[in-house]
Structures are given as C-alpha cells and as structure tokens.
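There are two complexes below, and they share chain A, which is joined by chain B in the first and by chain C in the second.
Let's look at the complex of A and B:
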C-alpha cells in the first residue's frame, strides 16, 4: 500500500471514529427517551416477560421496579447507562438477566450474514441488469427493467418477503419458510432485501454505464486501439462502478431498516428481531444495546464504502 | 504512386440532407492536409467519416482508400481494427479523452502493450522514453485532472501514437491552449510528416495552417470553398470566406484606437492596491496594482496557471485576497463589478431557457426588459434565440448573451476571463469588437484576460503582462 493510500485510509478512519462516538451518544439518548415515552408500566411488562402473564401480580411488578431502579428519575437512569457505556458495559437484559453484550454478539453474526447476503444478492441482480440496460439505453431490456425497478422499490420489504415465502416456500417448497437451520434459510430473506436494494442500484449502474459509454475517454480508448473488451474492463467498469459503490453507502439506511423488518418476517435470530422483541418486552437495556449496535453497524459499513470508493478513485488521495 | 490515404467525393449525409462535401484529396507518406473552417463547418465530420465513428443518424458516401484498401466498404469491426495501428486520432478535448481514474503513465503504456503488442517491460520502457521526449517527466503518476491542457494533449498524443499508426488525425489540437503550448503542440504535429507519417489536421486557426503547411481544404457550411497548397491559399485566397478567416487571425486585426488621455477625463471606478492571491495555499503572485477608469480597456496577459482567473475573482470580490485591497468608487454597489466566464455553457444553467435566466436577472435588478432587448439587439442577438436552452445556441451567441446579462446590471467594470478563447477566430473578433463598442457606449471599463499577446496589443488601451 502506498503512503498516499495509507493517509487517506487514516483520514477516513478518524472521521468515522468521531462519527461513531456521536452516533453512540445520540442513539442511546433517543432510544431511551422513546422507551420512556411508551405508554404503560414498564415494570409490569418486564415482570410479565420474566414470569409469564399468568404468574405475575402487582407485588412482582413492584419487586422488579425496585430491583431495576425503574422508580428512579429517568435522567438518572440514562446517566447510569451512559456511564456504563463509557466503560464498554452495555448492562444486563432486564428480562433475561443475561449480559446484553452476550445476546448481541450472537445476534450480530446472524444480522451481518443477512446484510452481507442482501448486498451479494443485490449485486448479483443489479450488475448484469444494470450493465445490460446501460449498454443499450432505451432498448427492450432497459425499459422492462425500469418498470420492474419501480415495482420492486414500491413494494415494502415485509410484503415482498411474504410474497416470496408464499411462492418459493409454501407453493414450490424450494426453501424453508423461516428460522435459521442452515444456508438454505439465507436465500429468501437475502433475496427480499436484495431485490429492494437492486431495484435502485441497477438504475444507478445503468446511468453510469450510459455516461461512461458516451464519454470522450471511452471513444479515445477505442481509437487509440484498445478492443471493446479491453476498453470495458480497463476503463468503463472502473468508472461506472464508482457511483454504484458510493450509492451503496446511501442504501445502507434502507438495508439496516430492512434488516429489522425482514428478520421479523422470517424469524431470523438476528439483532433486528431482538430489537423488536425487546421493545415489546420493555427491555430498555436490550433496546439501547441493539439500537446502538445497529447505529455503529451503519457507521462501520459506511466506512467500508468509503474505503472502497477511495480504492477505486485515486483522485481524492493526497499526493 | 501509392497514396497512403485517398479520399474521393466524400460527403456526409443526415438522411437526405448533405451536411458536408463532396471533398477529395490524396496524401502520401510525409504529406500534410489541413482542414479549415468555422465550428459547424463540418470539419470534424471528415475525421469521423474516415475513422468510421459517425453517429448512427449520419452516413457517409464516397470512396476512402487507406494503403490501397477500400475502407468505406469494410465492415465496422474491420475498420475498428485499424484504429491505433493504421490511423491514430488526437482528440479535440484531451482532458476529456483521458480516463479520469487512470494515471498518465498507464494510459500510455497500456497502448504500447495492447496495441503495440509489446511485452510489459518493453511497453514501460517505451512509455518512459515517450514521456521524456515530450517533456512529461514527472507527470507519470498524475491523474488527468491534475494535468494542464498542454500536458493532457501531449499524454493523449503519446497514447494515440503508441501503436505506431502511419496516419494521424488531429481534431482541433490547439483549442484552448495558451500561446506557448500552442506552439509546442504544433511543433509536435509538424514532426509527424517529417518522420514519414501522414498528418490530417483540423483547425480554425490560420497560424496553425501556416506552420503545418502542406495542402489545405477550406470548408464553409460543409461545402468546399477552396483547396490547394497552404502557402498559395494563404497568400492569395480566391474566396472571400478564406480571406475573412485570414483576417480573423489576431495578427491581422486592425489596431483599435488607444485611449490615452483617460486620466484627465474619466473617473476612477476600481482601485487595486498591492494585491496578492493564492490558490490552495500556494501564493501565485503579489504586489499587483491597478487603477481602472471608466471606459478603459485593459488586457492582462500571462501563461495558463499563473493565476489570472484567481486574480479576477479577487477583483470581483468573489474570493478574499491574501493581501492588499480592492476598492470600488464610493457611489458604486458591488453589482457594478461583473464577470464574464471562459466557457459560456458552464456559466448558464443547462436545462433552462435563456429567456428565464435573463428575465430573472432583470427582475432582480429592476431593469426594464425592453432595455435588455435593446442591448441584445446591439450585440446582434435575435430575441427568438432566447427561447432556446444554452446548448442550442452557438458558443459565440452564448457569450454575447452572457455579455448582455452582465450589462443588465449596469456595470462599471466588466472582468472578462478569456471570453473568446473557445470561440472561432471570426466569432472571437466580432465578439471583442462588440465588447469594445459597448464599453465605449455604456462607459464601463473592461479587464480582458487573454493568453494571446496579439489580441492584447490590438484591442486594449494598455496591457499588463503577468509573469
């Protein structure tokens, strides 16, 4: 790695580290405030989560309230959480009593697997479709894929997930419906997210291929004697890839939001699924922990996109 | 005699409309052909027809024979195989012709490797040699966006000629280059026929034709006006159009009247004292003084990259100078200093009709629309042009519209940043003539930035040379 590249990598790392810190504090405060704003008595919900609805009463709820310090002022509870966070301690789950970090570390792996699967699926769809449409703008492929893109982007992820389950799992029996027992479980949730991502990114790629094919430098590459194939592989693809990779950064918001929804639809044992459960159970520590992890995941993935862009585009590098 | 390239009755059609031609010429090894004419005269169509890069909506008729083979009857794929190895092309906009993401050295060495068929090590060695010969040492690792126009042109030259093609097509090779780089590129091209190659150059610049010599074809609106030996045609043009092209060469301009007694008669409109400017932290120059009087024409001359544009921006109050002061006369608001830009299309929003742009400015400054129309009329712009978008009028028209836009505000000072360097010589002369007339009529001062000393000498009251 050249020193110029090293410098730009460090610049990106420093910027994202600061961003991560800000995200951590803001997500912690916002998720705490939102949990406080939920109606109902948190202590009742937590007691119900621990002992079951039939086995609990007001006394149990009061015991929980006392044990977890839920009677303390909200601002004090937040302060305790932030102080623990500064020591990298996410606390313990209010419902299960296990350390939040243990819960999240298993769930995070599953979520990353799903997010990775979704990106791979979106690229497998968007790359061939976008390039084919871009090489022949306004052709039949371009117009059909444009229509499909609008359609798939318009369908919410949960609806698309259910449709895919009905077709591929229930009717055709090709893939399992939900849960996680093996790689075959990865296909449908990845496809659900991947279709939504590819619906937009294939159009971005299509536009950048059209631009690249019309560029003066492409014609010059041909007239200086390079074949169509060499021009494509040495010049067009790199230039066309740049906006697409940069756009993946924009799509991460959709991806993270999608992970929460799709995990719930497919009962995927990931962090989004855990977040939804924690909200229902008023497990504040888990909510804050999972929301924080998702926020940091967003920052980390953005860092990867940043580095990929800098790898493709040497222009930003300090000389 | 075997000609390396033989063109017989070549014309280019859009459907049934003939856009260019018919033209015929023969060139053997060591020969030079210069194709002259204004933008839009169809010069580039000849190059595209020879190469086979005409857009799908156009088609060529006539015979093109290269090294004894009828090119026009070949399949497209066979014609493409000649690119780089039989016919090389020097592009019109070298900056845009280079891959923005690839370093200069690799763009040349890949041509040596893939087109020249050399091993990597030999390709690299030959590229290094070419960089040295062309004075590009040190630019190997640079990306196109950090190259100057002249350097980009030479990198493109090195890449285009790597395949050792005997025929070189150069389309407007000196467009937008300053005087020094202009000379260098022309020298580079003149070497091609000397070394046994064949050169076809397309230009609107009489000085380029004079230097390259050889044969010349003059086109107007796609039709052949004149053809013959360059020396003869330039010395004794038979058509008035050729004569007007020659007259448009700044060297042949009539001398504008020098206003010399301004100091007593006119008010000072702008004072610049001890100005220093910097770009990205690097100081470009310092200690610049200038006193501008109403109606005065001052030319600023200097090579590319010296900071002429930055200086103008500082004078316009668009950037903060590093040191020194720019003072307007007390009665003047900041709108009284206006700027004209080098690349007219870049100074207008691309998708909005020109009328809206002008009307917005007029409304903002409470200028009567009829007075804008009067200005446009004086500049020779028909109001119907205003319904078009910026890319639907010519560069010269657009620059005149941008002059009208600046005048809408009633400026006392007009800072013109190479306003004509991208225009045809005839349009350039007409535009500067109009600017002179308007400055005299409306009594505003003009600071003209140019890299052409001839223009400065002929046009301005006084010239400041930046070094």
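Let's look at the complex of A and C:
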C-alpha cells in the first residue's frame, strides 16, 4: 500500500520536475533574447551596473566583455547564460543594484498571500453557490448563478479590479485603494481574483453535485438507511470534491496571470508587480528572476493539486 | 447494432439546421455591432481619435462628442472605435494564424503518430509549461510597444489549444471503422479529412476560436493596462484605462467606457458559442 502510494507520488514529482526544467529553459532563452534585443553594447551596460556610471570606462567594459564571453557567438553566450541559471545565479538587479534573489524572497511572500487569499475567496463563493445550484438543478438558484457565472467570466481580472476599487474603495470607502498596510488591503485583490475563479469553479461543482446525486451508490446509501444529511456530507460531497480540486489545477494558469495583472492594479508589493516594473525598466536580471519564480510557483502549485487529487481519490493510485 | 444507434441520431441531429438559443442570438447581435464599429472605425462618426483640444477637456456627451472628451480633449467615441478596430483585428488575425497551423499540426500528429507526434507534442508541452499571459508578457518585452511582438506572442500561445484538441479528436475519429472502410475503398486522405474529420471537429474548433479571440482581446488590454503592451497615444482600451484612471474623481463615467467595451466584447464572444465551457 505504502509503496504504491510512493510510486504515484514519484510519478507526479518526475512529471512536474520536467515541467520545472522546461520553465527554466524557456524563461532563460526569452530573457537572453531580451538582452540581445536591447540597443547598445551589453558590456558597457553591465560594467555600468557593476561599477557605477562614473567609475566605468572602455577598459572596464572590455574586461567585462572578456569575462562574460560577450565577444563569443550568440549561441555560446546563450550556453553561458543558461549555465549561470543552472547554478541559481540570478545576477544583480540592474536598477536597484541588489541581488535579484533578495528582492524576490521578500516579494514571494506577498504574492503567495494574494494567491492564497484568492483561492480562499473563490472557495467561499463557489462552495455554497455550487452546492445550492447542484442540489436543485434548473431551479431558480441554478439559473441565476449560471447567468452570473457567464457574466463574471467575461470580465477580465483587471477590469473587475478597477470596478471594485471604484465601488468599494472610492465611493463607499470601505477598503483601502492600494498598497499593503494591513490585512484590510488583502480583501479587494483577493475578491477580484476569487470572483473570476469562482465564476467557473461553481459550475464545475454544480455539475459534479448533480452527477453525484444521480449516482446509484447514492441511492444505495439512502436505501441502507443513511440519512439525507449524512449521505450528502459523507458520500456526495467527497465525490463531488474531486473535479473541483482537479479544476483548481486548470485554474492555476488564470491565477498566476491574474496575480501579475491584479498586483499592478492594487500596487501590491509582490512578484507580478515587480515583473511588470522590471519589464518597463528594462531590468532583465529582474525580469528573468521574477518570471522564473512565477513559473516555478505555477509548477509547485500544480504539484500540490496533483497530490491532493491522489489523496482524495484512491482510484488514481498505481497498484 | 444497438451501440451504433445513438451515434446515428447524434450525427443526424447535427446535420439538421442549427438552432440558436437566446444567449447565442444576443452574442451574434453584439458581435455584429462590434464588427460594424471595428470595420468603420473612427471614420463612422467623422472624428479624429488623436486630435487634442486642451480647451475642451472632460466634456459631457454632446452632439459633437457623442461620449464626451478625455483628459486631453480627445473624442472618446472615436478613441473607443479605434480601440475596437485594433483589438478585434488583432484577435481575428491571431486566431487565424494560431488556428490553421494548430489544427494542421494536430491532424498530422494524429495521422503520422510516432516521432512526429512526440516531437510536436513536446513543443506544445514546452509552450504550456508557463501560464499563457506570462509568456506573452515576456515575448512582448523583447520589443516593447510593438504590435508585431504582441501578435506573435498571442498566436504562439494560442495554437496549442487547437493542436491538442484536434490531435485528441482526430485520433479517435481516424480509428473509427467508418474511416477504416473509406480508407480501404481507396479514398484519398483529403476526402477522409473532409467527410469524416472536419464535420466532427468543426463545432469544437469554432468554440476554441471564439474563446481564443476573447483571450487575445483580454491579453492586449491587460498588457496595455500595465504599460507593457502598446503605448500611448495609441487608442487601445487597456492604455485608455491607465490614462483615465487618475481622473476617476472628475469623470468616473470616462474610465468605465473602455472597461465596458472590453467586457461587452468578451461577453459577446463567449455568448456566441453558447457561453459553454471550453471543449
């Protein structure tokens, strides 16, 4: 039993490790292309970043050129670039002058907080709505939530963010507009992302509740004398939970994309905000570091969903 | 024999005249209005979207400025129409450039199998390893403010969906006994595709195209909004939101205009395929 469980865990780990490797290579190559596309001489720019604009000269630039192999053909440079990445050398921010890894380690916490808040908000909305709609299919709750789901799905996260800010922060003054000063700042960004996530996941839950309520095993558990409430909590909801948890895996792409954009709307001090700033400021070391972290976060969250699905559903475990 | 009956009724039901629900008709109507607006562009109302007039900023809607003017006195209606032109043409182009090769590669992968299948599959996995918008963001950053970078990035992330869907459906269809029989009759691959595959995957591809167009419109606006995509003074919905956000107190109506345009466009695209989930 335990060895079977280990096997499935290892299979999931191996799949996601490969994905993490692909993420690193893709981010590395695109960042390198960004470096090459920059106008001007890269050696001068890096020398200026290292020694300061006043302290550098042509000799320093030549030394940098020789040291980093910038005189080599592009394909060799790409190899050197990826080798540095493989050694977790993310370099130094060209704008702040601090190691990229330090910047990211403070921002990652904020982004994780926002992502967690968004998932919690989406579940708080989707669970009651989806179960209520699923228990009475084609009822009034089902129809209304279907319409609302279609509507909220069509609203892009940042547009919803603007609308929520205008209503709740500006007109009603209930929550702060932007920044991070306390837990009350978490409400609007989480709600923005959570509504978008819940717009789809409540329908997934509704469908799986409908399926579970029609299943033979549900009828059997009622026939054997289990009360309606116990059937619901012990059998129906556990079976209905699997598609929803699996669907969180599908929604992770939306979540990570949303984090990037919504952090910018709310001036949230996280990685997505840093990535957008870095692109705007042509800070390639920061672009690479933040994009890599977001990509790896995506892989890690996917791994968590994989493992959670296998935890809920014993059928997926290899014999 | 019994297991073939549902298949027969299924295909018969599809060959009958399609019936559209209320939601779908609403979607078509909205799309038609948007298409007219995008085809005509700012010339529909005879205003220049870039013409500033600093003496008439934040004007209320009037006969000369149907939706008022923005912070630089530019005509809002003309700017919104110009934005519709930009977003919808980019969406249409990227759906075509993503859909055709995506579908073709899907058919080829399902047909050939083996190494061809594995090679294209590995490439699609590499594209899917990152969330789509993140990839578009980074590709757009290679040459910031460029329409072409945006277009290439969006197409590159969109083709995977067509590929995966077509490959999966084509594998099923091509292994059906009916296809085997047609092949044994000596019909050409083109006939097989036209008679067996296209009727089967067509509706799904249309749904993918509508959702893909919605994704493209949203991506353009999102990137414009965070100042990474197209740049001012381009009249693009996301860029307009960033420009008008500081003036929400003076003119909350102005910032809501591009927001509503974007929402209506995405909603129209979703509704036109029934508002269903992706296939």
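Quick note on the criterion: the second predicted complex is superposed on the first by the 267 of 319 C-alpha atoms of A that agree within 3 Å, B and C clash if a C-alpha of one lies under 4 Å from a C-alpha of the other, contacts with A are read in each partner's own complex, and residues count from 1 in each chain.
Here, a contact is a pair of C-beta atoms (placed from the backbone, for glycine too) under 8 Å apart; a residue touches a chain by one contact, two chains touch by 3 or more.
A quick note: this is a predicted structure, and the numbers were derived from the prediction, not measured.
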Next item on the list: Considering only the touch criterion stated at the top, classify A:261 as touching first (chain B), second (chain C), both, or neither.
Entry: second
Note to self: Under the stated touch criterion, which partner chain does A:113 make contact with: chain B (first), chain C (second), both, or neither?
What the structure shows: neither
Checklist line | Which superposed partner A:312 touches (first chain B, second chain C, both, neither) | finding: first
Notebook entry, point to check: Does the superposition put A:291 against chain B (first), chain C (second), both, or neither?
Noted result: second
Next item on the list: Spot which of chain B and chain C makes contact with more residues of chain A, would you?
Entry: C
Note to self: In the overlaid three-chain picture, which partner chain does A:232 touch, first (chain B) or second (chain C), both, or neither?
What the structure shows: neither
Notebook entry, point to check: Touching A:217 in the superposition: chain B (first), chain C (second), both, neither?
Noted result: first
Check: What residues on chain C touch chain A, complex-wise?
Finding: 23, 125-126, 129-135, 137-139, 141-144, 214, 218, 221-222, 225-228, 238, 241, 245, 248-249, 252, 255-256, 259, 262-263, 266-267, 270-271, 275, 277
Next item on the list: Quick one: which bits of chain A touch chain B in the complex? Just the residue numbers, please.
Entry: 215-217, 219-228, 230, 234-235, 238-239, 242, 312-315, 319
Notebook entry, point to check: Which bits of chain B are touching chain A when the two form their complex?
Noted result: 51, 53, 80, 83-85, 88-89, 91, 93, 96-103, 110-111, 114-115, 143, 145-146, 156, 159-160, 162-163, 165
Note to self: Touching residues of chain A toward chain C in the complex: what are they?
What the structure shows: 19, 22-23, 26-27, 30-31, 33-34, 37, 150-151, 153-159, 162-163, 166, 170, 200, 203, 252-254, 256-257, 260-261, 264-265, 275-276, 279-280, 287, 291, 294-295, 298-299
